[in-house]
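Down below is the structure, laid out as structure tokens.
To keep things simple, chains are lettered A, B, C, D, E and F as they appear, and every chain counts its residues starting from 1.
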Amino acid sequence: MTVNPIAPTIPLDAQGAHHGFLKLPYSRDDSAWGSVMIPISVIANGDGPTALLTGGNHGDEYEGPIALQELARFLKPEEIRGRVIILPMMNLPAFTAGLRCSPIDGGNLNRSFPGRPDGTVTQKIAHYVATELVPSADVVLDFHSGGRTLDFLPFAAAHILADKSQEAACMEAMQAFNAPYSVRMLEIDSGGMFDTEVEEQGKIFVTTELGGAGTATARSVAIARKGVRNLLCHVGILSGAPEVAATIELDMPDERCFQFAMGAGLIEYLIDLGDTVEEGRPIARIWPADRCGTDPVPCLARRDGVLAARHVPGLVKVGDCVGLIAVPVE
Amino acid sequence: MTVNPIAPTIPLDAQGAHHGFLKLPYSRDDSAWGSVMIPISVIANGDGPTALLTGGNHGDEYEGPIALQELARFLKPEEIRGRVIILPMMNLPAFTAGLRCSPIDGGNLNRSFPGRPDGTVTQKIAHYVATELVPSADVVLDFHSGGRTLDFLPFAAAHILADKSQEAACMEAMQAFNAPYSVRMLEIDSGGMFDTEVEEQGKIFVTTELGGAGTATARSVAIARKGVRNLLCHVGILSGAPEVAATIELDMPDERCFQFAMGAGLIEYLIDLGDTVEEGRPIARIWPADRCGTDPVPCLARRDGVLAARHVPGLVKVGDCVGLIAVPVE
Amino acid sequence: MTVNPIAPTIPLDAQGAHHGFLKLPYSRDDSAWGSVMIPISVIANGDGPTALLTGGNHGDEYEGPIALQELARFLKPEEIRGRVIILPMMNLPAFTAGLRCSPIDGGNLNRSFPGRPDGTVTQKIAHYVATELVPSADVVLDFHSGGRTLDFLPFAAAHILADKSQEAACMEAMQAFNAPYSVRMLEIDSGGMFDTEVEEQGKIFVTTELGGAGTATARSVAIARKGVRNLLCHVGILSGAPEVAATIELDMPDERCFQFAMGAGLIEYLIDLGDTVEEGRPIARIWPADRCGTDPVPCLARRDGVLAARHVPGLVKVGDCVGLIAVPVE
Amino acid sequence: MTVNPIAPTIPLDAQGAHHGFLKLPYSRDDSAWGSVMIPISVIANGDGPTALLTGGNHGDEYEGPIALQELARFLKPEEIRGRVIILPMMNLPAFTAGLRCSPIDGGNLNRSFPGRPDGTVTQKIAHYVATELVPSADVVLDFHSGGRTLDFLPFAAAHILADKSQEAACMEAMQAFNAPYSVRMLEIDSGGMFDTEVEEQGKIFVTTELGGAGTATARSVAIARKGVRNLLCHVGILSGAPEVAATIELDMPDERCFQFAMGAGLIEYLIDLGDTVEEGRPIARIWPADRCGTDPVPCLARRDGVLAARHVPGLVKVGDCVGLIAVPVE
Amino acid sequence: MTVNPIAPTIPLDAQGAHHGFLKLPYSRDDSAWGSVMIPISVIANGDGPTALLTGGNHGDEYEGPIALQELARFLKPEEIRGRVIILPMMNLPAFTAGLRCSPIDGGNLNRSFPGRPDGTVTQKIAHYVATELVPSADVVLDFHSGGRTLDFLPFAAAHILADKSQEAACMEAMQAFNAPYSVRMLEIDSGGMFDTEVEEQGKIFVTTELGGAGTATARSVAIARKGVRNLLCHVGILSGAPEVAATIELDMPDERCFQFAMGAGLIEYLIDLGDTVEEGRPIARIWPADRCGTDPVPCLARRDGVLAARHVPGLVKVGDCVGLIAVPVE
Amino acid sequence: MTVNPIAPTIPLDAQGAHHGFLKLPYSRDDSAWGSVMIPISVIANGDGPTALLTGGNHGDEYEGPIALQELARFLKPEEIRGRVIILPMMNLPAFTAGLRCSPIDGGNLNRSFPGRPDGTVTQKIAHYVATELVPSADVVLDFHSGGRTLDFLPFAAAHILADKSQEAACMEAMQAFNAPYSVRMLEIDSGGMFDTEVEEQGKIFVTTELGGAGTATARSVAIARKGVRNLLCHVGILSGAPEVAATIELDMPDERCFQFAMGAGLIEYLIDLGDTVEEGRPIARIWPADRCGTDPVPCLARRDGVLAARHVPGLVKVGDCVGLIAVPVE
């Protein structure tokens, strides 16, 4: 039976605040006995629940890493009850490269669970998190945004689950996070996702999409910062009540929510994120990228709703997702 | 004397609307007798001024290409008096690659003027535009945005020039463009710029920065679309008056407007574009990208003003510009 | 049980002519929610057999894609009885790159069967074709040529199979295709091939090699165009009899048919495709690529026969196949 | 005054046969004190003219390197009168890489003359050949073919020159070479060419195009081999008369001989090299490379003639040359 | 059951000296029917043991390839009794590239055992060696050095094994090799290693580390050359006694022997290989690579001992091994 | 007149110790308004001479950067009289990449002088150093080693100059540096070198070669550390006398000192650095890298002497320098 070679450089169950690395041996052309060193902080104080907080699941999404770096630096053991495990840059090689996937093996960490102890670097990370960190957690918060190629309305999300009491706990946690938008999601193709792994272990799980375009703003980081503290209050690790404002509930009922480009070219959006659209009306149009004087090709909305996500780069390829239309819940 | 090998596939002085290419022979490994084909449209009707409208000077800036593709397709000869020459993707190789500079020769077109007829592909484009198109134009509008690595408040700009009557004409044209913000610029290092080339030929010149992050929004394209039509009205090519709204005038008086990163890492902005900042207060802070539990390094404002531009990617390198602070004009 | 995520954008069993895509979700650094869109046409009319026609199994072989693009465009439902499923560029990523294998994962599609629904992009294509398209087909025609690195005499081929009635049906189909040369092949190493997958499902299977050098000629495309229509006539999808001319039957009895370079350098062929050679006589000689004045190394024929395939690039590496010697059947 | 750092490792004016290198110092990341070693052979015997024979001007054209490797190895000093200088792979870095241009600096050697002694590697080669080898030569033969991206009818060519006696000498030398086709060329854009450099030094100059597709055939090499020996006989270095067969004279009177692709896609040739075409009739048609069921775009002949050159790769880009139509001379 | 496609071009069990290749078919973009040709020599004479001698397990380690090239060339059948199988460059693709791992598939051969007959190129090599060569051997010697990124004191090593009689035989063989240093190793993480594969087959196994820095010296090659002949004497393949000098025995008792960099930068070693160090004293210090005037970070020894290995490149990354401290055995 | 855009972030003439950057604006795809930030330290105290100390002229040579980082950090203003300007990583982009030349433009800084203010990044660095720093210096020390591909005996060197009093001053400074070996050099090809630029400005100049193989040892850094302090004592910036030990004087009288590889392959050195060799005896031999059982090619010494430099990588290319033979001076 292969053992996962990842080892932490700090104790994961000691009291106080400890900052170190998950050390993953990685022999390669430019370092025969090299390692991938994934930063980790653990802050613990007495009895209480354990929260696992992760950013950098995709390496080009920044609200999570920023909010978690700040939390790791400034959260004091005496403020809490229980334990907070923080991985601000879970897929470190992707994060370092500023890419969605790992430049080492191409791995999309969020499609690599439950991982393998003898697999690629990405699979080893997935396996370690799934077998060593998730089991000890009561609640898991995984930060996402659109990355370099998508931009989202800021929302927290929880999944529709077979176990309705688990689902209810997740929905409450999502409400506690209190992003400007909140989404109940039915995951169609959940294979390999961190979400699925955590939920199958029976944990409370919240995920987010807080912006995108390969960056973060003061406003989007503020949502992340408030959300993570709210969640820690909600589960009793921090004392006090979550700070709650209005949230807009969105639904994504079927695959007509997703719009794909049927041609390549220069994309012109005709509406912006949060704008309302009617079925059959154009969301965007695609101009040729190699000539002028010819007609653009329109992308017509496949349903009524609001534009909840869009493509970022000015050029679009055939098959790229150009829009996500969500339906506000009455 | 070397002749520039670029040749148009359409007449540049015929009446009506013509759409074609500037054909630039480019022999290379993957096409021994290949060419770079730069789209061009010319719309002409009777006597009147000539406007040269350019986008894609940098290949990852999209408001110009979109607004100019639309104009090339829908502007009718009978609507105008004079001539409109449109190059929506002036540095086509950069545009096709979605990059600021040409992937062929690394050339930054806006630092390649006046170009060379026997130089690199980028230098040949610069030389052709400078010697064949600019001389016949009365007014030149060159669209810019921040590209993939910068984001700007939307502004039109004109330069402070030695010839004050030329300067006044440029400022009026900038006002006619009527972007939400308007900037009078003193160019410190103008070597190689398209702006300088055009201005030295005595033409009216307007430039813009309309957003960035390697994309365009419905809102930013609307600014471009209105601006170009306003400018054509202003010079009498289109009839009617420009459509004018309020604009905020900004000044960039000295080099303290520019903020550079003194360390590398994960950047957290503490204010957003358009927000006010005071000298000595932090604009952003930079977290380490390879560890956690340590302090971030603040980027302190070097003067009072509003944040007019910022860095886009979540990771920052030493020496990157992290902010441009502009001063509102009373 | 993992489900293959590929979905067609058109119905595969509707009457008439439909043109669309096999949409394969492919999340990656440059498109978080992107897709590979593999063109497909289905032409159906009433009862009758189903033919599956595939090109672009290797991405740098062009007779198949050209003949199938033409067929997809011009074959009318009313001309046929039954159904024709056309995939002109089966390994689309390889085809787009002009390469034998997929640039996404390095996959050689013809060594990736039966594929995996949760595998690489190439494995997903293989799995979809094997499980969704082949089972509904009665006859499968897969076009090959030599690609960029090999050149072949134009032939159709069928395999020697354990099931002799299946073998006979395949041989008849190959004869109906009626290429200038026809080959009975004993596949030694058939692991992972599309051929093997189709034959193991009990289908009639014909393959070809119609030229090479990374291109197609008017003559080689004419062979493909005639062959595919002949085959459709043979199975009764098109009415009328195949158009038949003389064909030369070739045999490749053992591994002495294959010649490999034992040194690297500049290759000089001493005979051309279709020329006769005797055992022990030189087919080619290899000159050093880094000096002059020294002797070339000859490549001596390992058997009598005709030169049926050769290496294309002017430089050869140790271990490259420099010749295939086939034996004409009396 | 900078001195060209290239030095031969053999004497260039000694009697007998010498094989060595032009040694070009090239300091770089993977060899601080490395060199480019360009093979050269010199065969000399008594008084007589000097012939400079060059191959590998473009690195993916093979008839010249093969015929010249053979000549360097087997031509005996006692067979000749005068001197033969042989550079089978003039742009060695390009030749080693199998590319048209140098992978070191991107240099197209045939556009780099007269070169610079302190320039790039390619410019240094050009300068050395132009200043050290050409001046001592009476006749220069430079071998070309189509390379990886073009294919030609096999022809020798001489240029129309201002000096009619020089032109006549070149035309006679071309006739002596006696390729299947012979072309009188008016070079429009001769800047930087080796041809121009040699002709401006008043030498007899012959060039060729002998095939292409990044390879050579037994037939095309035979043309090269016969041609070079014929030329040496013609100038009296070898004794005996040239071996002469019929040749077809072709003319390329104007730029309508050149056909360029106005769209990108999968190219289908409707005629082959040597076939006759009429103005307005299609040479080829271009199918979309990303979808099926749509019409191809035809490439219509811009004049009557025979197809003398074509594009090789199966995919074509906007602006690629897809055909050269030559006019047989009565 | 898949068969490994590797085939030797020489008989492996014939008398005399034979030099050839292990031919591994490898179809790829640049050679559709190409092969990897791994050099092999077999020297056999009558009855006696079989030694398998391997170099190039990692492609940037040179003492083994040099000593084995010499042995393959100069060892005469009549000198020996039994058989010697020599693979000087076992992972040929890595060796050709001068890299630790294969550029084809990234494979670290020494982590790829027991391999797969239908796997990547590296896995096929591992499988062939494990199933076709190791079973017929009595003793296996595998040469290693530090490669481009590590440098070692020269030592031979044998493992602590469960089977103590096998362990004793290995230790005796290591002593016969007689490097300047000798190491008894307890392999913690032995998964995938060639060592483990050989030892599990019950063979005598010796490995080495003989220097590094991506090169070899006259001195380090002399150690290899003497060692391999000593070993052949020891097992009776060569006659005569091993040539034995003093050796220093080293132990590596626990993971405190390994030192890893906790920061990135410019590394300054304060001691050299073979120097003594005390726990808590600095081995090296790491300067920032992007600024000056700041303090370096020391790397403190985690135990007493001698420096047995170090990092080579002047720049170090977080997680790189910067030192191996071994303990001399009294 | 173009102005060099490089600006220091610290004053270059203020008293005390200042650490900052030479800021070089560098607009590029991944940072539109980015910069190259070259670390610089200036330590000044009262009147006295100015020393300019440079490392990282080539980016893979480490003794200079280490010794200068240490000096910059620990040299106190009160210890000195005059001024010390320290550039530990003069070609910062090359240093960051661990390469000899700049990855930005391929520039070899030591062949880029006197540079250009409007040239490439490397040319701008050369121009700034030549026009802004060298003129104010009295003595310049430039550290070199062999880099990744060469290894040297440790020596300091001064050039034979036309101005004999300048030459004498340089030789005295070299003697003060007091490396284990000292070399009087006649530079044959001095175009573009930093050395030449400094000497032509009439300054005292010392250069070194202190080891190589892309690394530094405790011993080689000790030589650098002692040498720089000795030199500062020699010119009176530090008080006290240089610490002097014996040095071996070497001469390199002609081009027979340089040995180049005439074939490619696996290089086996038969002697090590510092060993004596006789003309005609082998220094090394080159084994084929792609086969076994064949003879190696010897590299025979072209003169008597000691081996003063050698090639590092285990594989050698045609034209690589494999040895430098120096002659001890009686």
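Some notes on this structure:
Rule of thumb we're sticking to: a contact is a pair of C-beta atoms (placed from the backbone, for glycine too) under 8 Å apart; a residue touches a chain by one contact, two chains touch by 3 or more.
Source: prediction; values computed, not measured.
Taken together, chain A and chain B share the touching chains D, E. Under the contact definition, chain E and chain F share the contacting chains B, C.
Here the repeat of C-E among A-B, A-E or E-F is A-E, since over half of its contact pairs match by residue number.
For chain pairs A-E and B-E, the one joined by more C-beta pairs in contact is A-E. Counting every residue number used by either copy at the chain C-chain D contact, over half are found in both chains.
Inter-chain spacing, taken between the CA centroids of chain B and chain C, is 49 Å.
Separating the CA-averaged centres of chain C and chain F is a span of 58 Å. Distance between chain A and chain C, defined via averaged C-alpha coordinates, is recorded as 43 Å. Across the assembly, chain C contributes 21, 37, 60, 290, 313, 318 as residues in contact with two or more other chains.
In terms of which chains touch, the assembly is arranged in some other way, matching none of the line, ring, star or all-to-all patterns. Here, these are the chain pairs in contact: A-B, A-C, A-D, A-E, B-D, B-E, B-F, C-D, C-E, C-F, D-F, E-F.
Of all residues in chain E, only 17, 19, 21, 37, 39-41, 60-62, 65-66, 68-70, 72-73, 86, 88-89, 92, 95-96, 98, 148, 151, 213-219, 221, 266, 268-272, 275, 287-296, 312-315 touch chain F in the complex they form. Taken in their complex, chain B has these residues touching chain D: 2-3, 5, 21, 23, 25-37, 118. Interface residues of chain B, counted against chain F in their complex, comprise 58, 60, 99-101, 108, 111, 146-150, 189, 191-192, 258, 260, 313, 317-321. Residues of chain B touching chain E in their complex: 264, 290, 318.
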